Amino acid sequence: MILALTVIVLLLVMVVALLRAFAGPNVFDRVLAANLFGTKTVLLIATISYLFGSPDFLDIALVYALINYISVIGVLRITELRNEQQGADG
Amino acid sequence: MLSHIALLPVLLPLIGAPACAILRRPVFAWGFASSVAALAFLSAAILLKLTFEHGVIHYSLGGWAAPWGIEYRVDLLNALVLLLVSGIATTVLVASRTSVWHDIAENRRGLFYVACLLCLAGMLGIAATGDAFNLFVFLEISSLSTYALVACGRDRRALLAAFNYLVMGTIGATFILIGIGFVYMLTGTLNMTDLAQRLPGLGESRTVFAAYAFIVVGVCLKLALFPLHLWLPGAYTHAPAIVTAFLAATSTKVALYVLIRFSFSVFHLESSRLALSLEAVFITLGIVAVFAGSLVAIFADNLKRGLAWSSIAQVGYMTIGIGIGTAAGLQASLIHLFNHALMKGTLFLALAAIAIQVGGNEFSKLRGIGRRMPWSCAAFTVAGISLIGIPGTAGFVSKWYLVTAALAGEQWFLVLLIVAGSLLTAVYIWRFVEIAWLDSAPEKATGGDGEAPSVLLAATLMLALANIYFGFDTRLQVSASGGAAAALLGEAAQ
Amino acid sequence: MDVLSYFNYWAVVVLMMLGFFIVIARANLVKKLIGLNIFQTSVFILYISAGKVIGGSAPILSDDVTLYSNPLPHVLILTAIVVGIATTSVGLALVIRIHAAYGSVNQNDILKQDQQC
Amino acid sequence: MELLVNIVLLILLVATAGALVVVRGLLASTMLTSVYGLLCASFFVTMDAVDVAFTEAAVGAGVSPLLLLLTVAAIGRGEPRPVGALPVLAIVLVPVTAALLIIGTLDMPPFGSPDAPAHTHVAPRYLQLSGEEIGIPNVVTSVLASYRAFDTLGEVLVIFTAGVAVLLILATPGQRGSARPRYVPDNHRDPHTILQIVSRILIPFILLFALYVQFHGEYGPGGGFQAGVIFASAIILYGLLYGLPTVCRVVRPAVVEWLSAVGVLIFGITGVFAMLSGRPFLDYSVFADDPVTAQHIGILVVELGVGITVASVITVIYYAFANQFETAES
Amino acid sequence: MSAILEPLSSVCLLLGSFLLLTGALGFLRFADFYARLHACGVTETLATALIILGLMLQATDSALPQFKLLLILLFVLFSSPTASHALAKAAWNAGVRPRDRRGRRDIALPPGDR
C-alpha cells in the first residue's frame, strides 16, 4: 500500500517538474527540471519493479541515473562553450 | 553453394560494404565496389535462370521455418528486379571512376563507394525478402545511404534537397511501419505469404483498409507518384551525376516492386470490394503524373531537372499499368519497369559525360554539343527515342503492351492519353536533339578534348545498345514479367 | 473498461498528429527533426502497447510466471529505435552543413536565398 | 494500479509533445526532448518491455538530446523566428492522417487482451520453445539474435550506414573522412576540477556496467545495443569534460571507424560460417555439436559484433559533431 | 525480524515521500533559480536515499535486488550533488544572479562576488 502511495507521489513530482519545465523563465530552470525528472524516474522504476513484484528491472534504474548525469553534464558544458564562442565572436 | 543462391545477391554487397570501408585507398574502393556489384549481378542472373526452371525458391535464414524465422521466397518478380538493380549498379559503378573523381572531394571517395554498396545492399534486400519488417529495415538502409549520396553534390542546394528527401522519406518509411504494425496486430505474423493467407479471413475490417492505405501512401512517397513527388526533382538535379544515374534507374523501380508485392501478393487488391475504386485512383494519379511530369520537363531550363520530371512521368505510366488491374496491365507495368531503367540509365550516364566536359547541364551550355561529343549524344538520342516509344526500341515494347492492355479493357480514353503522353515526351527530347545537333557550337568552345572518358562512354553505349537489343529480342522481359504477373494474380485466385 | 482498453491507441494517434504537425508547420529544420522523432516514437508506443498482455510480466522466462507479454514487438521496436537515432543523426549532420552553407536553419530564409541567386 | 501509472505517463507524454509544439527556443526543445525520451522509457517499463525501455533510455534520453545539443551549439542558438501564418498544408494533412489512423484503430483487438491474434499465432512458439531450443531466459534476446537474426544484421547495417553517412556529410576537407581534430588549446578558463574528479571516479564503473550489460543480455534486460550505447556515452562524458583532443588521443578516430566496420564483419562472418558447411545463413548449429551450446556461442559472438559496431559508430558520430563545433570555436 | 523491517520500510518511504512533496512544492513556488536549485537538491539527495532505503528493507527472496539498490544509491549520491554543483556554476557563469523574495530586483551582492 505504501509503495502505491510512493508511486503516486513520484508521479505528482514529475508533473510538477514538467510544469516548471514548461514555465521555467530561463534555460537553466528547464535543465534543472529535466535533471529532477531524471532522478524521479529512477525512483519510479525502482518502486514499480517492487510494486509489480519483478525486481530485475533495477538495471534500468541504474541506466537512468547514469544517462541523466551524462545529459546534465553535456548540457552544461555545451551551453558554457557556446557562451564563450558567442563571447569570442559576439 | 547453389543452395545459397537466393541469398547471394543480397549478401555480397551486405558483407562487401564494411569490407570496402576498411580499404584505405579510394581506387581500391572503386575496384572492389564494382567487382562486388558484378558478382551480385552474376548470382542474380543465375537466380533468374533457376526461377525460370524451378518456379519459387525458398531460403529460410538462420534455419528457422517460415513464420517464426525470416524467409526469402524468390519468384520471377523478385529475380527480375534483382537482376535489373544489380545490372544497372554494375554498369554505373564501373563507369563511375572519372565522374566521381570530377565531382567528389578526395577524402570522401572511399566512403562514397561504401555508401553506394550499402544503397545497393538495401535495394537488393528489399527486392529479395519475404518478410514485411525485414523489408522496412532494408528500406531504411537504402534510404539513409541515398540521403548521404545526394548530399555529396557540389552545389549547396544538394544539402537542402537531401534534407527534404530525408524528412519525406522518413515519413514514408514510418507510414509503412504503421501499416505493418496494424497488419501484425490483426494476424500476428510478419511473413508475407503467411499474411496473404490470413488477411482474407478477416473480411472487410477497417483496420486492414487503413493498413493498406498507410502502406500505399508510404510506398508512393518512395515511388514519387505525382502528389508525393516533391523531393525527387531537387534530389535528382543536385545529386552527383553518377548518383542520379544510379538512383533514377533503380530506386523508383524497387519502390514500384514493393507497391506491386503488397497490393497483389499480400492484400489481394483485385479481389477486395474496393478494387474498382482503388484502380481508378491509380489510373487517375498515373495520368496526372504523366502530363504534369512531361509538361514541366518541356519547360525546364536544366536538362537534368527535365529528365527528373520525365522520371515522374514514366512512374505515372507504370502506375497506369497497375491501375488497369488485369494480368496484361500488370505485365505492361513490369515491362516498363525493366525498360525504363535501361532508358534512364543511358540518359543520365550520357549527362554525366556531358557534365564532365561542359561543367553543367543547363541547355545554354549544351549548344552544339553534338559535334564535340558525337557518341555520347548519339547514345542520348537513342535512349530518347526509346523513351518516346518509337518502334524498334525497348520503349516501344512497353508502350505497346500498355496500349494492348488498355485496349483489352476497352478503355479508349486511356489509350488516347497514353499516346498523347508519348507525344509530349517527343517534344522535350526533340528540344535536346535540336540544341545538340542543329545549333552551331559557340566559337569559344571551352576547350575540352571532346568525347567522354572511355569507360563512361563504353558503358553509355552499351546501355544504349541494350535499349535497341531489348526492342527486338523481347523474350527475357516479356516472359519474366508475364510469368510474374500470372503468378501474382494467379496466387490470389486460389 | 471499453474506453480504457483503447486509451493507449487514442494517445498514440494524438502523439502522431502532434509530431506530424511539428514536421509540417515549423520552418526551423531542427524543430522538424524533433517532430520527426516524436512521430517515430509514437509508432513505437503503438507497437509496444499492442504487445502488452494485461497480467503478463516481462518476457524473461522464470518458473513462477506463466503469462508473458508478447516479445516480438519488443524485438521490432529495438530495431526501429536504432533506425530513429540513425535518421536523426544524419538529419542533424545535414542541418550543420546547411547552416554552414546558407547561414540560417530557417527553411523560408534558405528558399529566399535560393531564389535570389 | 498498473493502468493508473500507464494512463498518467501517457498524459504526461502528450503534454510534453504539446509543449514541444508551442515552445520556440531550440535549447528548451532539446530539454523537452530529453524529458520526452525519459517518459517514453518509463512507459515502456510499465508495458513490460524491459529491453526496449533500456534502449530508449540510453538512446532517446541520452544520445539524441546530446546530438541535438551539439548541433544547436554548432549553429548558435538560432534566433526564434516569429510564427508565420499557420501553413494550410498542415491544416489539411494532419486531420486526414488522423482520420485514417482512427479508422485503423476501430477494428483493433482491445488493449492487453490475452487472446488477441498477435499473442496466439507466432509469439507463443517463442515463449514455449525458446527455453529448450536456445536455452536462455531472456526471450527477447533469443528472438533478436537467433530466430530473427537477419533483422538484427540489417539493423547493425543501419547504424553502420548512419556512421558512414555522417562522416560523408561532415568530413571536413583535408581529412581522410575521419574527425582528426586540429589541436584546440584548452583555454577554458575554469578546468571544472570537481566535475573531472567525480567523472574520473565514475567512468570506470560506467564502462564496467556496459560490459555487464553486454554479457548479461541472455539473462536479464541488456544486450549489444544497450551496452554499445552506454560504452559510447562513457567516452562522450570523458570527451565533454577533457575536450576533444584529449579524448581523440585516448580513443583514436581512425581506430573507431575501423572498429565500426569490423563489428559488422564479425556479425556477417558468423553467418557465413554456417553457409560454408551447407547450413542456411546465420544458422548457429555449426558452432558446436550440442545445439543449445551452439546457440549460446552464436548469440554471444553476434551480440559482441553488435556492441562493437554500436559503440564505435556513436563515438564516430560524436567526433564528427564535436569536431564541427570545436572548429567553429577556434 | 520482518516484524521490525516492515514498519521501518513504511516509515522510510513515508518520510521520503513527504520530503519529495515539500521539495517539489519549493521547486514550483520559489522566486529565483538558486532557491529552486536548493529545493530540488533536497529532494535529489535525502528523499532519494530514504526511498531507496525503504525499498531495500522490503522483503525479497534473493539478495540481488538489495545489492542493485545499493549500487543505485551510491551512484545517485555521487552524481546528483555534482550535477547540482555543475548546474549552479554554469548558471553563475551565464550571468544568472539571485533575486529577492518577489523575484524582481537582483540582491545587492558584496563587491567581490560581482
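Read from first to last, the chains carry the letters A, B, C, D and E; within each, the first residue is number 1.
Throughout what follows, contacts are C-beta pairs under 8 Å (C-beta built on N, C-alpha and C of every residue); 3 or more make two chains touch, one makes a residue touch a chain.
In this text, all values refer to a predicted model and were calculated from it rather than measured experimentally.
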item	value
Shortest chain-hopping distance from chain A out to chain E	1
Intersection of the contact lists for chain B and chain C	D
Comparison of D-E and B-D (more C-beta pairs in contact)	B-D
Rounded Å distance between chain A and chain B, as computed from the means of their C-alpha atoms	47
Chain D-chain E separation of Cα centroids, rounded to whole Å	29
Rounded Å distance between chain C and chain D, as computed from the means of their C-alpha atoms	13
Averaged-CA centre spacing for the pair chain D and chain A, given as whole angstrom	19
Residues of chain B engaged with two or more neighbouring chains	133, 137, 140, 144, 147-148, 151, 178, 184-185, 190
Contacts with two or more other chains, residues of chain E listed in rising order	75, 79, 82, 86, 89, 93
For chain D, residues contacting two or more additional chains	50, 70, 72, 101, 105, 108, 116, 118-119, 122-123, 126, 148, 151, 154-155, 158, 161-162, 165, 169, 192, 195, 202, 220-221
Chain pairs that touch, as defined at the top of this document	A-C, A-D, A-E, B-C, B-D, C-D, D-E
Chain A residues touching chain C - in the complex, by the definition given at the top	52, 54, 56-57
For the chain D and chain B complex, residues of the former touching the latter	100-101, 103-109, 116-123, 125-126, 146-151, 153-155, 157-158, 160-162, 164-165, 167-169, 171, 173-177, 257-258, 260-262, 264-265, 268-269, 272, 274-275, 278-285
In the complex with chain D, residue positions of chain C that touch it	2, 4-22, 24-25, 27-28, 30-31, 33-35, 37-38, 41, 44-45, 48-62, 67-79, 81-90, 92-97, 99, 104-106, 108
Complex contact set, residues of chain D against chain C	3, 6-7, 10-11, 13-14, 17-18, 20-21, 26, 29, 33, 36-37, 40, 43-44, 47-52, 55-56, 59-60, 63-64, 67-68, 70-72, 74-75, 78, 81, 84, 86-87, 89-90, 93-94, 97-98, 101-102, 105, 108, 110-114, 116, 118-119, 122-123, 126-127, 130-131, 137-140, 143-144, 148, 151-152, 154-155, 158-159, 161-162, 165-166, 169-170, 219-221, 225, 310, 317, 320-321, 324
Interfacial residue positions of chain D with respect to chain E in the complex	190, 192, 194-195, 198, 201-202, 205
